[in-house]
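Two complexes are shown next, each including chain A; its partner changes from chain B in the first to chain C in the second.
Let's turn to the complex of A and B:
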């Protein structure tokens, strides 16, 4: 790994997550437009690549976005890997810059509330349950049983993340909730209630990556991508060795931290892929932020002290989950935190942040380390 | 551009193009299996990335292929850009290796005969004609009018490419045809008959890219990617400045040849994206292989001397066009030619080859230069 190549997050754009019924092309353009509006120094002729992250069935979205945004890039295509499409596109953009094929890459992620990426037909091990609540239920039951965790304990993830989302102007909802609200919400399976789940929604998020030199023209608050880790274990859920840990997350985290030359104690702010409540403590454990079975202890302690360190924008549960935009929105949140630009969500003196984005019951994961 | 980084085509796999009604996952696996069967020295644990090129609406195909093929990659996602998805995936794989994020990348492209990538709903300029014959008709009419080319002249592209496809064991059909056969084939529009068109089909093609060091373990006949050029002009057809030339192809070709430090005279064998007869002469002109309006002259001269220099495997018209696999199949053909492994299709002493792959009426193009 060539640590000498420096890639910068030079700009970003994001718009509110909603339940709007809009064409994917319109959704996609919104955050790109927001990015350009907020960064008038960007010359569109300098953009070498446009990568679109989405699960939409619409084709040729990168040339379409490029045409609408007035860009004629060299490289243009869509990237799909279910829920971690966004960070897959970011890592691809990083590699285009680090390899010298591009100096500036726009990555735009977008999804509609009715995304076809919510179902994984291929995975027969899910039986009739094609929806992710199948694996989330098994994770929840396994985690509770193995570590004597209660439904009330897990509800705190949702309570905390809804509280934090209230400070995020782009979140799907501003509603807060109590443990009792979670416990009283509609029962979906033995182990899952509706407030334990992130909700699909319509939204987009865009970032511009640039080489160190190219970024100088655009920003004087560069945020660097210093660590990258990715791992795919399988596609099918039942290939997991354990239903209460995330092997792909563990390996991706180790690789990213090693590349960045950091350990978990150095990380000031974290975006965790909390597709369901149980994902937050399990991911914290697999990433090494806590010992096995004690992830929920961290969540509780942070919640009680109103510390926004984990999922400051409200996570997927609080912000909504527009699949192809999620990894990019997570990366924008860490960027805002490192730039001390996160408003009421700001974590004190954040210098190093981590993004955790995963797909399909953590059968694959991406971890990024960002630094100012 | 860092010309010092060397990326090798270390292995490939391909299976016949058909009209079979098979699941996309099965189609995808076939060429990957062929690649591994033919290259027993590959250690699957060395594969850092698996990129899938397709227009299929099926999601998470890279982790699915990885699981079926016994690979647990770091990087895994699908790439889509209509008909040049394949070369987009190849260039992405190149950048992962050149950046140091990967040493070995499997790229597998696959499509079914009923691919959703055949229609571009978004492009309103096509009116009610969503199918590519809309733009192909306009290109054909414009090219014929501008350079006084006849339907019989253009028919020779199809005659030549069907003749060449007969020597390609993976081609969709072994049928040859005469100019009169083309002229008598079913009329689709004023300017297009069915034998002027490439046909959608079911097929897959896989290649393995590797760093110079990693490739040494696998092959002693390395083929190097020495030139890369890509350009997107627009998504909509009517944004073209001309309907009888291909601006994206011209710019991509110039970039690729410059990077490889070659000019067109150095190129011994060429894969051209002949989605329709007219595309072959226009692309030859835009790439600089002939002066404007004389592309068909080259085609005729090669045909009359049984010289397979242009589209030795039969092009898209002769081989069939499984969208996501096409760019990879083209790259495999040039690799076989440079390795003197192309059987009856072999072009004499081929040392430098070029791949031209494009999408949506040449609104975007990729050009690769390969060398042995």
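Let's turn to the complex of A and C:
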């Protein structure tokens, strides 16, 4: 087997996340255009593959995007895996480059606010309770009971992430909130209020991966993908052995850190898939950033010291959650952090970053390690 | 009869592989262990509540049967963790499976 080619994040583009009613094709093109506008050195004839990440029911989106962007790639297809479609597409692109099938791959993710990806129709074990607020309520109740965590404790995740999103010009809202605001927001279930939730929205994010050689023509600030871990436990929510931990996240994180030859102490900045407030401490624990039951302790400590290490762009709760674009937006954030290009969100001396993106109640997770 | 056709008649069954005898959940045409054909066990199964929450005045809970089958069901009384319950009503409505326990 040939030695694997090293893979670089060479360019990116992103749109503001909104509630706009736009065609998915238009949303998709906007972040790709932003990528090419920001990187005039890219020769579109050099792009070997175009991958589209989305849960939209619209068909043939990769060839459509390619045509709209003036690209005639060898490889063009969509990737769908609910909320972690974005990082699944990045992993596919990585594989094309690492194997030598492609030198340069454009990955564009997009979603509309009314994405069909919010509901997994197949999972009948959820009975009538297929909306994500129900699995999130079960996770929240279980986590609170097992570790004596209060609703006020969990509210800090939302307070922190909305505070951080205020520094993200592409976030769905710049509104900050207090613990009391979260506690007083609309009650969805006994264990979940509106401000505990990320919101579906319209948005797009694009990233260009390249081989080391191809990237030299485009960027002098390469960010390397050095670790990849993925694990799918099941598709159905009720297959979980525990509702207070994330097995797929734990295994994907271990694989990614091992591949990158790092441990959690080496990681300077992290994007966590905080679809709901309880997801952030559970994911931090499952990834090994804290002991079991103490994820919320880390969140509190970071919030009290205005340390943006976890979810600097505001996470999904602060930024919004356009499903197919989320994993790509997370990866762009870590790239900007490693390039010292994150403005008021910048984490000091960030050299190694981690992206955690998951789908369907953490039945499947992807973890990426990025380095400058 | 399939799991879904039984469920649509209000009958909750447990799918089991006819070859390796493992419970197959979620229900499927074939065993996810040995790909053997699946038959349906009928009975008055006892389940255990392993988690719950409430929306408005309605409690919903994760109930486990035979250590493998888990569903989210409605319950009219205040649930307790480890409470033993039985399916009192089930079916399919607007394409969605539904389960009540008590």
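FYI, the second predicted complex is superposed on the first by the 368 of 372 C-alpha atoms of A that agree within 3 Å, B and C clash if a C-alpha of one lies under 4 Å from a C-alpha of the other, contacts with A are read in each partner's own complex, and residues count from 1 in each chain.
In the analysis below, a contact is a pair of C-beta atoms (placed from the backbone, for glycine too) under 8 Å apart; a residue touches a chain by one contact, two chains touch by 3 or more.
Bear in mind the structure is a predicted one, so any value in this text is a computation, not a measurement.
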{"item": "Partner chain in contact with A:161 - chain B first, chain C second, else both or neither", "value": "neither"}
{"item": "First (chain B), second (chain C), both or neither touched by A:236", "value": "both"}
{"item": "Which of chain B and chain C A:64 touches, first, second, both or neither", "value": "first"}
{"item": "Chain A residues touched - chain C or chain B, whichever exceeds", "value": "B"}
{"item": "Chain B versus chain C as contact partner of A:170, first or second or both or neither", "value": "neither"}
{"item": "Touching partner for A:365 - first (chain B), second (chain C), both, neither", "value": "neither"}
{"item": "Touched partner set for A:335, first chain B, second chain C, both or neither", "value": "neither"}
{"item": "Chain B versus chain C as contact partner of A:189, first or second or both or neither", "value": "second"}
{"item": "Touching partner for A:124 - first (chain B), second (chain C), both, neither", "value": "second"}
{"item": "Contact residues of chain A, present in both the chain B and the chain C interface", "value": "121, 236, 239"}
{"item": "Touching residues (chain side chain C, partner chain A) in the complex", "value": "25-26, 51-55, 60, 62, 70-74, 81, 93, 95-99"}
{"item": "Touching residues (chain side chain A, partner chain C) in the complex", "value": "121, 123-130, 134, 137-138, 140-142, 145, 188-192, 236, 238-239, 243"}
{"item": "Chain B to chain A touching residues, read off their complex", "value": "1-2, 5, 25, 50, 55, 57-60, 62-64, 66-67, 72-82, 85, 88, 91-92, 94-101, 116-117, 120-122, 228-236, 239, 252, 255, 359-360, 363-364"}
